[in-house]
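In order of appearance the chains are A, B, C and D, and numbering begins at 1 in each one.
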Amino acid sequence: MSRKELKKKIWEIIEPSDTESRESYIFGIFITGVILLNITAMVLSSIWEIHTDYPIIWTILLLISASTLIIFILEYLLRLWTCTADPEYAKPIIGRLKWAKTPFALIDLLVILPYILLMFTSINLTGLVVLRVFRLFKLVRYSESINLIIRVIKAEKNTLFTTYLVLFIVLIAAATLMYEVEYPAQPEAFSSIPAAMWWGVITLTTTGYGDIVPITPLGKMLGTVIALIGIAIFALPAGILASGFSKALETEIRDDEVYLCPHCKEEIKGRDLWKK
Amino acid sequence: MSRKELKKKIWEIIEPSDTESRESYIFGIFITGVILLNITAMVLSSIWEIHTDYPIIWTILLLISASTLIIFILEYLLRLWTCTADPEYAKPIIGRLKWAKTPFALIDLLVILPYILLMFTSINLTGLVVLRVFRLFKLVRYSESINLIIRVIKAEKNTLFTTYLVLFIVLIAAATLMYEVEYPAQPEAFSSIPAAMWWGVITLTTTGYGDIVPITPLGKMLGTVIALIGIAIFALPAGILASGFSKALETEIRDDEVYLCPHCKEEIKGRDLWKK
Amino acid sequence: MSRKELKKKIWEIIEPSDTESRESYIFGIFITGVILLNITAMVLSSIWEIHTDYPIIWTILLLISASTLIIFILEYLLRLWTCTADPEYAKPIIGRLKWAKTPFALIDLLVILPYILLMFTSINLTGLVVLRVFRLFKLVRYSESINLIIRVIKAEKNTLFTTYLVLFIVLIAAATLMYEVEYPAQPEAFSSIPAAMWWGVITLTTTGYGDIVPITPLGKMLGTVIALIGIAIFALPAGILASGFSKALETEIRDDEVYLCPHCKEEIKGRDLWKK
Amino acid sequence: MSRKELKKKIWEIIEPSDTESRESYIFGIFITGVILLNITAMVLSSIWEIHTDYPIIWTILLLISASTLIIFILEYLLRLWTCTADPEYAKPIIGRLKWAKTPFALIDLLVILPYILLMFTSINLTGLVVLRVFRLFKLVRYSESINLIIRVIKAEKNTLFTTYLVLFIVLIAAATLMYEVEYPAQPEAFSSIPAAMWWGVITLTTTGYGDIVPITPLGKMLGTVIALIGIAIFALPAGILASGFSKALETEIRDDEVYLCPHCKEEIKGRDLWKK
């Protein structure tokens, strides 16, 4: 097999696509397992008791973290090397840069970046630990179900944006009024409009921690009105997502079902049935 | 350009309408930006730490407040001057008064009123700060998305009124019963039926701050029954708004569906059907 | 007007029916106002501060309570006297007893019973104050909107019963497991399965007071699983009521709309339009 | 009646099936009552006050527990003996083992197992009390309504799995970010990512106990964003179950609708359409 053929072969295996070969499918399962292992190690290694009381488990977690990271780096480098097999990224340098700027390549880079920087520099990387959350997005590439929810969010994009804008206006109005009413009685709790907005979010989403609560009669009356009207509006995104989700799943199923006409005994596809 | 033409030109630019010119569109974006700046300044200037620790930011916030207010006053005066260009408000005095009584003109006035009063009188205006929340309604005029939710609320007006009436009756019943049961054990917390209604709202909306909680076994049993039955009824407004919202958004799609006329048996596209 | 005609006239005015005369409509509004006054007085007179600090308001509340009660008693006696005008309750004694056993007559009686008993006996009536909540049901008779929600609940009766049965089983399972797990760590909070059921209701309805919370790692894991699975099932009654409500309101509206066919220009009723 | 006929008769009575005889129906009601009695005894006997203060009620509860257990054991043995009457489990030993491995037989066994083990061994059975919850599943066999919800869950299996997977990813992302932000300020509350996941579950399900709450400004801002976006996604399972439930209940109505066959143009009633 020539080098070019090898490149093409590797690219086809490691890059998820619609027409998947068996090798590509197996690689997908393998890398999903590696990602899950890496996330599990990240979650567990944040428990301090494991560090202090169970040094063996701690070592295993470190080994998992290190080995999965090496796999991520190898995977990134393999992609960077073989992406020229794709006609879209064919040019050695410009093509590779073009590939590196695709969203998934950027996510892959953000996952390994803190560790690569650590190898070559001595700067403080505490701020970069937040990037750890990006490894979750690596799962998206391999999960059909997560792609579905992303499709639904995209389809309902405008509606969701609209409702969040309305939520924001309702939130500021509720917080401003509550601040005026409760500030004199509780200058600590309702110290400013942003503080009242925290109360507003926790109340209007019906979370209700109870850390900030109106105590004056007027504040409770206002809180009652805000709760009764506002939570109906704050439930809109959930309703829109749920209906978009069930719409997306129904279209796939309904049209493909096959029925039998009792008169002519012929088969009818779901999409050919006319409702009278 | 004559004075009349100038008036007409300005009126067309500053008054939002269905057939918008380019200038009108740009003015809409500009004034939306000014409103958002004004609201941001209002929210941030309520944080006392900024006043004491960051005098420069504080000065900037004051400048933003003052300059956006001047723009609001100018905008109102311009509208008041040019509204006679509209045939509906053509008469110099009666027409201007008629315009000043439209909802949007009243909101514009309420936003600038406290400051105008301050210029000419020395009365205490603390009570008028509540009017500050009206500047949020200025956004409605320029936001297509907020108009949508207002349309939905209008369309579902009767249903929403019905459910809120039912909510109110369920709330009073729950509060009265809970007051009878818990008052002997907690005369402080469940001191009166209105106090029990605060418990009822916070429980039935599932907010659950935990500031008032039944503690007697009978109170807990009653609370269980109220929670299980009541929250189904208190979720009605959210369900109605969500379905009204998705209905309002689907109407647009409905134009592409094909119907059969029962009279001439011909096909009719949805967009050709006229609602009588 | 003969006595019989008078009786018939009064009965038609005070008894709500589908074909309402103008007098009957006015009486309905009057008695609804009286009921709302009575309920307001009941709610406000539970505030002790009014009793001690505002003796004038207290006297007004007492007067409202007394006069509205007299109206309720008069209304009941009038109904009891004139119900023989209705062919169904025509017999002087058996007919009146038959009427007195109808649900609405029983509610009317329960509202005035405690005070009638007080007039003739000297028994302690503290337990009867719970009957006060029944005056809310008097509103049902005069509210079209409350009748709608009762119709919806009746239509979805079986489904609602089913879901509440499922809720109950899920609740007992969750409480039993949580009791086993948390009892050793918090014998005070999770003292028994019924105590754990209180936790279960407050958690699964997402109220979350925070008065009882699992503190062991195993309890938190179990709580996580219960919350994630259970709240989906506990949201069922709300979803069923909301969809039943919107179904009930749509059937009334849709079929009555009239469209114009663009081909033959004839009118089509909504119910005659066939979807292709 | 021969022994074989007796076996067949008993099997038909005690085994729930679609074509139920009158005896089988009565036995179903009887055993449902026994299960409910047993569960009630289990719930009440966990209240320590009954043990210490009401010895008579305690004795009654013990008697109910014992006698219902004996009925469960007899029922299991009867089933084990007569199951060979069913052609599927006809072979004396292999057939009985095959029956004993069916889900319902296993549940029946798990309910009585702890007590059977207690009779023959002296091992500590504290861990087995968790098995008590399985007696709730015995109800499933006899409840049409619980079978409905199980059918709905099965029908929406894939969708539910998808959403729970998405929930899990959102949860880990939210917990990881919140842990980074709040750990320095509250090392006790947000001690590890799993601890932050407990916060995440309680917040995203809108339960909001208030036992762990972000206190830093950045943590509150992050909490606001997580609450506003996340609760829309966490409401998905509820929305899916509710729509699946109403779909399952509507299928019965669908039989009355009329469709047009695209081949022979004849009308078909919904109930005559065969699903292929």
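For this structure, a couple of remarks:
FYI, a contact is a pair of C-beta atoms (placed from the backbone, for glycine too) under 8 Å apart; a residue touches a chain by one contact, two chains touch by 3 or more.
Note that the structure is a prediction, hence the values are computed from the model and not measured.
Each chain gets a centre from the mean of its Cα atoms; the one farthest from the centre of chain A is C. The pair B-C is the one among B-C, A-C or B-D whose contacts match those of A-B for more than half of the residue pairs. Taking A-D and C-D together, the chain pair joined by more C-beta contacts is A-D. In summary, the pair chain B and chain C forms a contact in which the copies contribute largely different residue numbers, shared numbers making up under half of all those used. Separating the CA-averaged centres of chain C and chain D is a span of 32 Å. For chain C, the set of residues touching two or more other chains reads 194, 197, 206-210, 235, 238-240, 243, 274-276.
The residues of chain C lying in touch with chain A in their complex are 206-210, 274-276. On the chain C side of its complex with chain D, the touching residues are 159, 161-163, 165-166, 169, 172-173, 175-177, 179-180, 191-194, 197, 203, 206-210, 213, 217, 220, 223-224, 227-228, 231-233, 235-236, 238-240, 243. On the chain D side of its complex with chain C, the touching residues are 39, 42-44, 46-48, 129-130, 132-133, 136, 139, 143, 145-146, 148-149, 160, 164, 167, 194, 197-198, 201-202, 205-211, 235, 237-243, 245-246, 249.
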